[in-house]
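Chain naming follows the written order as A, B, C, D and E, and within any one chain the residues start at number 1.
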Amino acid sequence: MAATGRTGRPNQLFRNLNAKIASIPMILIALVVFLGGSVWTVVYSFTNSKLLPRLNFVGLDQYDRLWASARWIVSIQNLAIYGILSLIFSLVIGFVLAALMDQKIRFENVFRTIFLYPFALSFIVTGLVWQWVLNPEFGIQSVVRSLGFTDFTFDPLYNPSIVIYGILIAGLWQGTGLVMCLMLAGLRGIDEDIWKAARVDGIPMWRTYLFIIIPMMRPVFITTLVIIASGIVKVYDLVVAQTSGGPGIASEVPAKYVYDYMFQAQNLGQGFAASTMMLLTVAIIIIPWAYLEFGGKKRG
Amino acid sequence: TDLEVTHWWTSGGEAAAVKELAKAFDATGNKWVDGAIAGSGGTARPIMISRITGGDPMGATQFNHGRQAQELVEAGLMRDLTDLATKEKWKEVIKPASLLDSCTIDGKIYCAPVNIHSWQWLWLSNEAFKKAGVDVPKNWNDFVAAAPALKKAGIQPLALGGQPWQASGLFDTLALSLGGKDLYMKVYKDKDADAAGGADMAKVFKAAADARDMAKGSNVQDWNQATNLVITGKAGGQIMGDWAQGEFQLAGQTAGKDYSCLPGLGLSDYITTGGDAFYFPLLKDKEKAKAQEVLASTIVSPKAQVAFNLKKGSLPIRGDVDLASANDCMKKGLAIVAKGNALISTDQLLSADTQKQKEDLFSQFFANPSMTADAAQKRFAEIISSAD
Amino acid sequence: MNTSVSIRDLSLNFGAVTVLKDLNLDINDGEFLVLLGSSGCGKSTLLNCIAGLLDVSEGQIFIKGRNVTWEEPKDRGIGMVFQSYALYPQMTVEKNLCFGLEVAKVPKADIEKRVARAAEILQIGPLLKRKPAALSGGQRQRVAIGRALVRDVDVFLFDEPLSNLDAKLRSELRVEIKRLHQSLKNTMIYVTHDQIEALTLADRIAIMKGGVIQQLADPMTIYNRPKNLFVAGFIGSPSMNFFRGDVVERGGRLVFIVGGQEFSLDGYTAETPLAPGQKVVLGVRPEHIAVDGDIAPGQEAHEAVVDIEEPMGADNLLWLKLAGQVISVRIAGTRRYAPGSKVRLAFDMSVASLFDAGTEERI
Amino acid sequence: MNTSVSIRDLSLNFGAVTVLKDLNLDINDGEFLVLLGSSGCGKSTLLNCIAGLLDVSEGQIFIKGRNVTWEEPKDRGIGMVFQSYALYPQMTVEKNLCFGLEVAKVPKADIEKRVARAAEILQIGPLLKRKPAALSGGQRQRVAIGRALVRDVDVFLFDEPLSNLDAKLRSELRVEIKRLHQSLKNTMIYVTHDQIEALTLADRIAIMKGGVIQQLADPMTIYNRPKNLFVAGFIGSPSMNFFRGDVVERGGRLVFIVGGQEFSLDGYTAETPLAPGQKVVLGVRPEHIAVDGDIAPGQEAHEAVVDIEEPMGADNLLWLKLAGQVISVRIAGTRRYAPGSKVRLAFDMSVASLFDAGTEERI
Amino acid sequence: MADHSALNSVAAGLDPAKSRLGEGPSGRKPKPILSRRNIILYGLLFVAAAYYLLPLYVMVVTSLKGMPEIRMGNIFSPPMEITFEPWVKAWAEACTGLNCDGLSRGFWNSVRILVPSVLVSIIIASVSGYALANWKFKGAELFFSILVIGAFIPYQVMIYPIVILLREIGIYGTLTGLVIVHTIFGMPILTLLFRNYFASLPEELFKAARIDGAGFWQIYFRIMLPMSLPIFVVAMILQVTGIWNDFLFGVVFTRPDTYPMTVQLNNIVNSVQGVKEYNVNMAATILTGAVPLIVYFISGRLFVRGIAAGAVKG
């Protein structure tokens, strides 16, 4: 056979050159901003940088101080409470709403819009509105009291021991619509034959949801979990708008700690140490997931 | 030339005062581009700093006196005003001298002070006490004693906003007014942890715990909302800096008649003098640089000083201006300053980092009745021992 | 024989669309009835009505003589097997089989017995601990059948159970289902659009089109004596060859003329009398056309040209040009013809079909 | 004859998995080659390598003598038709046909001419202005073929083009593709797992398993003389009947013994000499077993019991119990047997296959 | 049941010749509108809807009241006297410092920020997603994984490095800089969406186009884009709401004359002059939320569809 044409394997770098060129922004963002930025942050967390970053290493001092700080501990606890409850309630409420919506109801569009519209509003707006609704002098408490229940007390934003639940109420209000949407999409993706099979088997509806449908929606739950979780870690605006971390430090969260110490206390090193702790937590949760999702199984 | 000026003066009295500065500056043929950022210095400062370090500096910016801008200066990002200051003899006119000292780094002057603020004031609503049927207190102790009567009358004894710096400021005020000058200097200037944990300080903490009880139930966030409670007679009093004056004034109230003010909480003859100053980032644009100089000189000028400080309720930075139109309260303050009883404020003595930790501590302390004075004092001593 | 399932005047509309119309059907006890029709003709809809998964718009459904029109699926004594298997993916095979029984609070021992029996019948014993994802398509379908089996139902409903399987598995499972029916003797209603399945499995086939049953009869009748043109064309692969032509009298005998060629109708037994001049369609299946050597002596023969041939191993399919159209003829796989070669062929009129060109009904 | 496509030592790995291994294949100019194999054996992968849609791991590909191993798909002179049609849904049929030509900047007039020709060949003229969504499956596939046609390529690649169609359409389009090949005389490489398609369309069939070609030969050879047990079992529906037994000498002649029954091997022409004591597998196709009346006088016959029968219209498939196993036998559709009845049967050894039980290669 | 069958037999009696109907129920199973199932179902839905609507109601009602009425108490009671004063004030008169032009200025700034940011971020993310889904190359998944993990990094952590980065490039404080920042933080989730969506399109379509000779960009523009409306709608909605609602970047990366609406909102709400003007705050809040809300109301249906296509098929 006459060997005309190219014989050798061409340089791999130049195959699909266009694709690689088009991916440059993504690669730059991933490497320079996300990876570079994170590494930069971690490195500077070992320094005593104040207002401006300085490479003056002090070992683990910033971390020692961080973990000795009552506010950081409270922040972590709050994040844990808020995170766990927010996950549970978002998933439960989102799923229940989606299940209700999936019953071939009338006015589905109207209900869906109602559940989803808060998602269009920023946390700042959400925080302001709920601050208003939960205000004991004007809001729910005063209304209920004016109805004659004078002992009624509902002032989550002014009670340090339950303030985080006040924030949770607002957070759920804002976010469950999206969860419902995701769940609904997942429900609609389930083979209708499964429902029929369950009906023929005489399995009641709630059991079908619980034992058959929910396990089948695992991928949707995972996607949703990731989306909610990424929001939880970042929760900041909501707290700032609703309580500014108060009363006292009762509703502080890690992201706010980072921001306050970096900029208000002008102690970058401390802020970076706190960010590094957050990064570490996120990494511990996310990397195994990302590995399973994107690295482990090869797509066709 | 347009010059963008950033600051966080957005309450009623503050905005009115800023307007005077702007007017004065505009009169020089330049234009004041207002860059107000609402939500107190805590919100505004990060933005200002980001912009300066990010290479997009404004023409001038407000900072508190003291150490907030120190690193920016050290990094060579700020403009040196020494020439102007020498020309206009700032060293001589600006009183007390500590104000200019905190603008001075390595012998160079980097900021133009605008006003003097003192924290140690107790503002009282005359109407509230009338309603409660007690005399208007003459000092903090009277006030504490009157609290039950106020409560009975359905009046909040002490108004305190939720912002952390208010709690922290209240405590510092108690420390100076109840603990005295020496204790104040030992703790805040010398960072003496033993003093901070000592018996004298314990008394202050005890008083803070009382204040906490009196403040319970004031569900407001901003300082001026708290002031408003006093203005409207819903609260008996508020410990707040002299800037609260501006709010009373704006509400059309008269000192002595509608409200009373007690510098040093009526117990002590010392106040601290902190305040605001304008810093001028280094700009490339020659025109703007010139305008910066004009602004600096405008700020320090007697006319602007009078106009501004009357509106703001703070004291002017120069001793050579005539404040005939000042009201009772301001005059009390001026008298103390004139006596030389002005101390350096905590803003200048402590780093922002320490201040922040203090704020965290006291906002927690004031919001959380279950935190004992002892525990708070222990933590306070820790903060002071590691302060810089 | 008793009727097991009885459908009376059944109609079903989706909004304005009528999918089933005045449908009547009686299925005998133990019968294997196949619903056959092209996609969208309403087979699944009918099955779902019987199962109670769809509410009927009009009419009644009786199972074992009981009016079940408004009853819940689980109370109807039916089991159903779906094309997509519809196994519960996160449960083991065993759990899939038990789940319905557990919910119905059948005693444990009883459940075990039934599962064991089903596992034995379907030979899925070794798979019981696996999850559906770890099963092949055929195994999954067997489990799906098992799920119906354990419920001890009177009537089995199959909705294209084998469509998702490849040809080999399909023919294997077909045999198994047939065997299952022979041993269980349950009533089975089986939807498919695969005619091989229909022909091999059915006791009777109901051919549907547009929500109406076209013909209901046993496979051989359907195959050999289709009631109308639709049924004739639908059944058989390759399709029956159709010739549109006229009946003409030639010397006292009736012949069929198309494209100038004449075919004697002597062997044909008409159900309604034929008249000369009638426009008709003649249908002859590919295997009912004899070629060259197969032609019996004396049989009327015509000449045709080979267009293409399709060898299929056992058989060889010839596409011939005759009377201006292409027809298919099935011959043994060993006999080969080159395209363009000439062949002689003869129709076996005794098994041919004649339809009225207008009404398309069998004559 | 010239080779049109030539594959040399081709290997392809996905990560650690080797999908194709040292594959060699020469396809002649104008040949219709079918790649046949079960799911996942690497057929599509091979086709994608030829098309340039996958980078090979090792080896070379030549088309028309040119090494195209690293060329872009568009430069290889190939056209490809996919199982899912892969029509651009937002473009009209016409636009679908033109797209490749427009991209290649072919002059407008030329494009029109070529589209018109393709439309004529494939009879899709009236559909040109429609969008794919408005077409039936068969029409879509025709358009997909047209898209390859307009590009005037040397080699057509088909990846299971008919799998998504129903049985009827499938057989129609099969004939059309055959006709297309006869008129265009292009090289065509056709992937399928439907053996009927393979047998009817191919000039040669390559049977693949696990990325290796098992046998490459013309359909009749593959059908009648399968090279190994896999090919034998893979081709033919229902499958060839296999008997695992021994070769034994009886009176100087070799016979095959299974389950106590003896079958004379006289008629079998072995490729390698048979030896007594050898363990072998005997394979006989269902249509090579004569039943009752079909048995030639004097032919060796055995008795069997009918298990079930599957009437399929033209044929009737009998499942019989013989020598302890169930075998299938194909008889004419008109002959029926009740389950349980006894039949006599005889194997046609001249077309049977014998495999070594160990190597599974043909003997 | 009994009376139904009675009814049916009457109905059957009308046409005895045709009907073969037997005893018992016939025809459509009656479904009372007030069945227990419906009561529970709609009951739950209405309760949930009330929870979601309550804040909106409070916002609207409050924004239409005068301050005296608000001080009197009940936030839920409808306004006795409707006034649009707060709206006018919020839009055009509210003060921050010396600037008393309310939200109006911020609105146009927001638009100026929004349009390029949405366009650029969607373009870059969709091309990246397309490259990831269809033109796999070595390392692509690694970069993508980093990107996705990046979605979890609190913004605060990244602000400082980005300030430095933009300063080094010299675009800090410009619109370009802000657009880049929005693009960066929109990347992870958008790329994920686009990648999943493009991966869910039949791969054969892409192969067919390659055989037809179309290159990277031709396939993107002529084949993929026209098929991707739903996912573009989702991306558009997410970005419009995200960018419009952004506060942190708006405040850090702009200057006062280009402050977006959220920053103005924050300024207005936090510039308490005397008493908190809740009605103005609420009007400002509604005005600020209006743009994303309108986008949702208009394209919500496509949003759900796109979510199904892009997010759930992970």
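Here, a residue touches a chain if its C-beta (ideal position, glycine included) is under 8 Å from a C-beta of that chain, and two chains touch if they have at least 3 such contacts.
This one's a predicted model, so the numbers in the text were calculated from it and none came from an experiment.
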| Going by the average position of its CA atoms, which chain sits the greatest distance from chain C? | B
| Two chains sharing the most contacts, counting C-beta pairs only | A-E
| How far is the middle of chain C from the middle of chain E, if each middle is the mean of its Cα atoms, in Å? | 51
| Using the average of all C-alpha atoms in each chain as its centre, how far is it in Å between chain A and chain C? | 55
| note | Cα centroid separation, chain A vs chain E, in Å, comes to 16
| task | For chain B, write out the residues touching at least two other chains, lowest number first. | result | 46, 50, 53
| Which positions in chain E touch two or more other chains at once? | 159, 164, 266, 269
| Sequence positions of chain D contacting 2 or more other chains | none
| task | In the complex, go through chain A and note every residue touching chain B. | result | 50-52, 65, 69-71, 135-137, 155, 158, 160, 243-250, 259-267, 270
| Can you list the residues on chain E that touch chain C in the complex? | 1, 18-29
| remark: The residues of chain E that touch chain B in their complex are 95-99, 159, 163-164, 166-167, 170, 172-174, 251-253, 255-257, 266-276
| message | Help me check something: in the complex, which residues belonging to chain A touch chain E? | response | 12, 15-16, 18-20, 22-23, 25-27, 29-38, 40-41, 53, 93, 96-97, 100, 103, 105, 109, 111-126, 128-130, 132-133, 135, 138-139, 142-143, 146, 173, 177, 181-182, 184-186, 188-189, 219-220, 222-223, 227, 229-230, 233-234, 236-237, 254-255, 258-259, 262, 268, 271-272, 275, 278-279, 282-283, 286-287, 290-291, 293-295, 299-300
| remark: In the complex, chain D touches chain C at residues 38-39, 166-168, 171, 174-175, 178-179, 182, 193-196, 199-201, 219-220, 223, 235-239, 285-287, 307-308, 310-314, 317, 319, 330, 333, 339
